[in-house]
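When the chains are written out, they are named A, B, C, D and E in that same order, and each has its own residue count from 1.
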Amino acid sequence: MKVGKVIGSIWATRKAQCLQGQTFLVVESGGQEIVAADQVGAGPGDKVLLATGTVASRYCMDAPVDAAVVAIVDGEKER
Amino acid sequence: MKVGKVIGSIWATRKAQCLQGQTFLVVESGGQEIVAADQVGAGPGDKVLLATGTVASRYCMDAPVDAAVVAIVDGEKER
Amino acid sequence: MKVGKVIGSIWATRKAQCLQGQTFLVVESGGQEIVAADQVGAGPGDKVLLATGTVASRYCMDAPVDAAVVAIVDGEKER
Amino acid sequence: MKVGKVIGSIWATRKAQCLQGQTFLVVESGGQEIVAADQVGAGPGDKVLLATGTVASRYCMDAPVDAAVVAIVDGEKER
Amino acid sequence: MKVGKVIGSIWATRKAQCLQGQTFLVVESGGQEIVAADQVGAGPGDKVLLATGTVASRYCMDAPVDAAVVAIVDGEKER
């Protein structure tokens, strides 16, 4: 998984029906911008944990998404 | 997921039978060209949201595709 | 999916049993060499469409392959 | 799979319910930082083997994780 | 799939139970080191074909591995 920072959000009117009601956040991680479905309630500036691939879809009730916010990171302990 | 811009389309006569009727768009995202199945009705110049991997296939009735346009992006709010 | 060009083929005597009869093409795509199972009948020089991941395996009767040629590209329309 | 070194850990209060009780380690592998679920009992400084993707989720009782520590590496024999 | 060269092996005492008896080879492919489960019987110096992702796991009786040696390459025909 990747740790990233929420830097924005996107919206879309024309989309796959099964994406209705889904919130999409733009997350910056390692210099890359990833759009992730959010069901944890993250907001701009939050440091989040992303899961990608089929597991993200399964977590989002099988919606056609390949990235999801699964946690808001409280702390990190470097060795 | 990735946000990209539709820059063209491709067609193929000889292909997997289960790809009949599928539209393929060429999408530029982060300097990369990705070919994605489209069921949303996107066209050249549209800013789209791509889902990749098995979830794209499932969204396209299990066709052998690994990328699909799942939404046309209306707006983006940077923090 | 990726568009690539067939630049060769490989063969193997010792392999997973379920790979018997499978043809493997070497495809150049974006500066990378990818080995893909072929069931469309592509040959050297052909411009092909590759599907990768689990969907490639499913397309090849669940053989342990992670890339497959799913179409031979006839044309491409740039915007 | 990738070999990496455990360099820290992260924690999160707000997270997917199915992530309760899961330990997350930060693993450095090939210059990249990957967050992985741990069920082997690895600690800081350990050299570990990571599995990524859907298989990591399945190994962690279908939790929405895309990377997991599956072994602590004892030795490596270079040719 | 990727073609690579076996350059070593790794072993681990503490590991996921379902990894008992699994052999892990270190394969160099495109400048990257990948650890792959081997059920074909490859050894140091062998040129091998790797399958990655869920298909590798399925090939290895659903063990939590994301890369597997599926063939030993005998020859390659460049166009």
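Here is the rule we use: a contact is a pair of C-beta atoms (placed from the backbone, for glycine too) under 8 Å apart; a residue touches a chain by one contact, two chains touch by 3 or more.
In this text, all values refer to a predicted model and were calculated from it rather than measured experimentally.
Colleague: Just to be sure I understand the contacts, which chains border both subunit E and subunit B?
Modeller: The shared contacts of subunit B and subunit E, listed by label, come to C.
Colleague: Need the graph distance between subunit A and subunit C over the touch network, please.
Modeller: 2
Colleague: Since subunit A and subunit B are copies that touch, is their contact same (over half of the numbers shared) or different (under half)?
Modeller: Different, since under half the interface numbering is common to both chains.
Colleague: On C-alpha atoms alone, could you tell me the rotation angle mapping subunit B onto subunit D? Nearest 5 degrees is fine.
Modeller: It works out to 145 degrees.
Colleague: With centres defined as the mean C-alpha position, give me the subunit C-subunit E separation in Å.
Modeller: Computed value for the inter-centroid distance: 20 Å.
Colleague: By the touch rule stated above, which residues of subunit C touch at least two different other chains?
Modeller: 53-54, 56
Colleague: Think of each chain as a node with edges to the chains it touches; is that a line, ring, star, complete or other?
Modeller: Topology of touching chains reads as a ring, each chain with two neighbours.
Colleague: Should the ring be read from subunit A with subunit D in second place, what is the ordered list of chains?
Modeller: Once subunit A is placed first and subunit D next, the ring gives A, D, E, C, B.
Colleague: Which positions of subunit D touch subunit E when the two form their complex?
Modeller: So the residues of subunit D in touch with subunit E come to 1-3, 30, 39-41, 49, 51-56, 58-59, 68, 70-79.
Colleague: Within the complex, which stretch of subunit E touches subunit D?
Modeller: 6-16, 18-19, 24, 26, 32-36, 44-45, 53-54, 56-57, 62, 64-67
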